[in-house]
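Pasting the structures in now, so scroll down.
Same chain, two partners: chain A is paired with chain B first, then with chain C.
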Partner chain A sequence: MSGASLERGIHAFKEAIDAPVASFFSSCVRCGLCAHACLFFTETEDPKYTPIHKLEPLRRVWQQEYTFWGRLASALGLSKPVTDEDLADWETLVYDSCTMCGRCSMICPVGNDIAYMIRKMREGMAVAGHAPPGLIGATQRAVTIGSPMGVKLPALQAQIRQVEEETGMTIPVDVEGADYMLLLSSMEIMNFPEFIGALAKIFDQADVSWTISSNAFEATNSGIQIGVSEIAAELVQRIVDAVEKLKVKYVISPECGHAYMAIRWEGPNLIGKPYSFKVVHVLELLDELREQGRLKLSSKESQRLTYHDPCQIARRGGVVQQPRNLLNMVADDFAEMPETGTMNWCCGAGGGVSSNERADELRLTVFKRKKAQLDAVRPDAIVSACSNCRIHLEDGLEKYAMEIPVLSLTETIAEHLAEKDKSGE
Partner chain B sequence: MSENDFLLLVRGPLLTGATIIFMLGIVVRLLEILVLGRKRNLAEPRGSAVKGGLRTIVMRSIAERETLQRTAFTEVTGWIFHIGFLVTLFFYTPHILLISKVAGISWPALPTTVIDALSIVTIITLLAVLIHRIGNRVMRFLSRFQDYLVWTVTFLPVLTGYLAFHRVGLSPTMLIAIHILSVEMLMVVFPFTKLMHAFTLFMSRYYNGAIAGYRGVNS
Partner chain C sequence: MVEIANDDDFRRLLEGLDTAGQRAVAAHFVDNVLPLSGDDRIRHVTEIIAKPDAREDDLSMAFHTARTVTVDTHNRCGAECDWQDQAGYFVARAALAAVTPADQLAGGPAFQAAMSSRMARTCMGIGTAEDTAGQERQAQYRILSEFIQSQE
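For the complex of A and B:
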């Protein structure tokens, strides 16, 4: 980031400290329980990965700036100010070994929301110049090109043409007055374009009026992953502008955990005003269609399926029951892994870790946790709802020589969808 | 200074001073947190922040099964010494009499034999907690001077109370004076250390539960 400095970093830390953060730091009794909720600790047993420890520089700034005792100690020259070296030392802890999955926030006995604080700490780390190069690159591409992976409109258009050829359906682009506007993650566009075809098929059967905007199709927000609110707000605003232009009522957040957090929960707070539209996760919408009897299947999946909850969709996002309803509808043998739903273990690559090459080895090491969960149910296939999880699951499964395909829930439903009943038309 | 003078000093000016630091300190610390405020959440809620917050205040006292299995020692010793400490503090007859004299409220006490047994259990558990803090890699890594200080000022009132009750070593006057002094140390250290969690954990759990509850998650 340009103009990065320690001073800006400390200033951002101070800005980020609110009553919850102060309360969390005041409450920590250093019991160490959060370590056992974090796969970076459980799979390496290295105490430096204890979640609360990852926040140490932020805690020191809180203590020195916002407590009477700390201020007194600072005034007397008794406290050690946070240095640039400290932040450099903490960079890998904050970015490589934390996916902001929030599992620690669920078990802390005094109730500290540690993931909430990591998100805030990244604000200071980024402006202090201590964000990983991989994430800086992704963020710059998101701002200049519109996609963290550098996916431009022509690339999307090419994928759409391909999907149209394969499915024989028309993918609506820039249709004014549609009900729903679909966002996609770059990963979906490049690696899983089948998702677009699957959704088109489902929406066709259920008579959902939808469109994709050529101005704002990217759902992810690198500004959030790296921790630069101005950039994050700019990326959200692009979507808001597109919604206003196309006059849609709803925005669909796709199969991407991080995107859901970004557009559903952080978006309005980043731009400083409530939306004039609603954001639904694609699984929420599909479950709504299921409830209304608008999803008609011609067959059911007979394989043994399990579901990997993407952290930002389930634990941090609140979409927990919907995928289960959908899986029970589409599969004969849906088996839950131990510790699932809001207590699921992260795949190990969320929160920008997958964009950060430096963390590649570590994310594959900690995948052992997911392996253990999978070994407990031995599924024929894993279903998930996040293309980032999906790619990392595939990486991890390959590394540990496990031959289990990873499926998208939306695509799984589309595969078993009945032909559209045209008699009513 | 005679033993009686010492007791008078401990029960008089020192207790007053400790009480002032304790109460004023807590108020200042809580205000320091609350004045920071927090931004209003502009995203459309899925669930209730207030309900989520209140729920987590209660539910976070009990770990879910898998976490409990993974961290049984910390969880179980944590429960025992907290209960032991609080029950001996609030249900021992002389303590209730003191509270009644100061605040004008009282409640039934537990039999002395129960309190006696509980003190021993608390003392042993606190020793186990200390050994665990030193022996466990994660806890040793996280611990600072403050953690050992807090352990000491928590341990001493229980130990000196037990010794005073059984009249071990010194005269009853000295034993009770030392016991009160140890409580004063706890009170003075309280507002400046993690002992504050006794109050702030309700805020933290509330915030945690509210953040999750707003999104429709039970945290």
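For the complex of A and C:
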């Protein structure tokens, strides 16, 4: 990100315009349907938040560089080149008012993946020097320290020690040949360390062989959020190296939305080769254990629960049915909000928006959409599977004076788990 | 004095307390880590929880205040961690647990308040060789033991 300039930004835009991006731009029929899929538009009714409009500088570069009429117009001096001022104007549209939730991509009648295009546009914005300071700081810490929040190994070790004391279990670290390697988000380590204990209890009951790597425990990838593929690839490679060192078969992506998208779906493309291991989301694994009869509960949740689908896990990740299977196992009264699963509304804080203090007012404004969904169900508690969603849901509920606790699905299951049968029968 | 050797004993004794007892001992746990929070609102919440004759209205207000402080003090995603600030977040969580209805918390309010208080100490000890959480655990055993004796 050093040496940022307009020239580098435009160059990155040109590089970012691959075949899908070019075909998406040429397919757009300007219908505006994407606006009504975006909570930043629906909750503000400001047309500047129309998703395809957020891509206008990238579209202009595509038109001027890669279309016959655009190139002719440029040659004749009839088109306006993209300027640094344009990018400065678009910075808030690309980073503050887009969570890359992908709902616009679902709704586009010609199948344009607008979220993918935003991801590509961020490549140029970052090297042109038009990324939010919060995200720049997080990305620098991810590279130098290994965590966007600056969480170092001693901090994880301290949290692990306390979890071990609380649960009376040993948290396996650097165990060679374990089946699963668990990744964690810094948010879990800092704000919800009980997640580690919850998973330890579940894995103990289900006899899952697992470990945490001291070399690569961080699941998140701020290189993807800010839009710098080189950094994103470096962060993925650290995990790949740790997996190869420990010789594990599976990597578990934790309760974090974008971590799953980064390590499972973008990872192999970023490093340019397939993995020698499989990546599973923690909910996929828990549902598999449920299906195999390896999760035994001693009680069920009697409260009315609803589930907030983290966008990167459900819409962009495909993990939709698994949390529902788990909730129906653990709760007597599970109620769906209107528009859930792949069409769920984002909480408003994904895609780096929560790291960006400048976007605070806007993300809380657009929370009105989630409020409306919750008002329709009136749950006693909201369950989710992403620490970032969880924190933002708490922020939003506080802002709108809604008294609904927010729970982790993994922790909820652990809370109702039966004592392990130690008889060996 | 009641002997408390480990967390199993600790948890069992806490679960034997009635709601008022749980809240009272939870208030002591929070009070013991209060210097780790710079937030006066939590000090006020602790004062309310500690009153044996606290009114329902006051407890309800204390619950709302503790929840607000918890939301205000969490470390935001992507922000650089400050473990001293994070200790304040866990003190707020301890206070929130202390005033949350018993049926909404696994292990009960006092146990959860104890765990969050230890986590607050853990945050303060990160980067040092000191077993801060262990010291807090021993302090909690002593607090509970004294509390039980005072009830006899």
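By our rule, the second predicted complex is superposed on the first by the 424 of 425 C-alpha atoms of A that agree within 3 Å, B and C clash if a C-alpha of one lies under 4 Å from a C-alpha of the other, contacts with A are read in each partner's own complex, and residues count from 1 in each chain.
Following the convention adopted for this analysis, a contact is a pair of C-beta atoms (placed from the backbone, for glycine too) under 8 Å apart; a residue touches a chain by one contact, two chains touch by 3 or more.
Please read these numbers as outputs of a predicted model, since none were measured by experiment.
Touch criterion met: A:265 reaches chain B, while chain C stays clear of it. In the superposition on chain A, A:291 makes contact with neither chain B nor chain C. In the superposition on chain A, A:110 makes contact with chain B only, while chain C stays out of contact range. The partner of chain A that touches more of its residues, comparing chain B with chain C, is B.
By the touch criterion stated above, A:317 is placed in contact with chain B alone, chain C being left untouched.
Residue contacts after overlaying the shared chain place A:230 against neither chain B nor chain C. In the superposition on chain A, contact is made by A:28 with chain B only, not with chain C. When the two structures are aligned on the shared chain, A:375 is found in touch with neither chain B nor chain C. Chain A uses no single residue to touch chain B in one structure and chain C in the other. Only residues 7-8, 67-68, 70-71, 74-81, 83, 86, 89, 104, 106, 115, 118-119, 122, 125-127, 133-134, 137 of chain C touch chain A when the two sit together in their complex.
Of all the residues in chain A, the ones that touch chain C in their complex are 134-135, 137-138, 141, 148-151, 154-155, 158-159, 161-162, 165-166, 168, 186-187, 190-191, 193-194, 222, 225, 349, 352, 354-357, 387-388, 391, 394-395, 398, 405, 415. Interface residues of chain B facing chain A in the complex, by the touch rule stated above, are 28-29, 32-39, 41-44, 46-47, 56-57, 60-61, 63-64, 66-67, 70-71, 74-75, 78, 136-144, 147, 192, 194, 196-197, 200-201, 203-209, 211-212, 215-219.
Taken together, the chain A residues at the contact with chain B in this complex read 17-24, 26-33, 35-37, 41, 45, 47-48, 50, 52-53, 66-69, 105-113, 116, 264-269, 272-275, 278-279, 314-318, 320, 338-339, 342-343.
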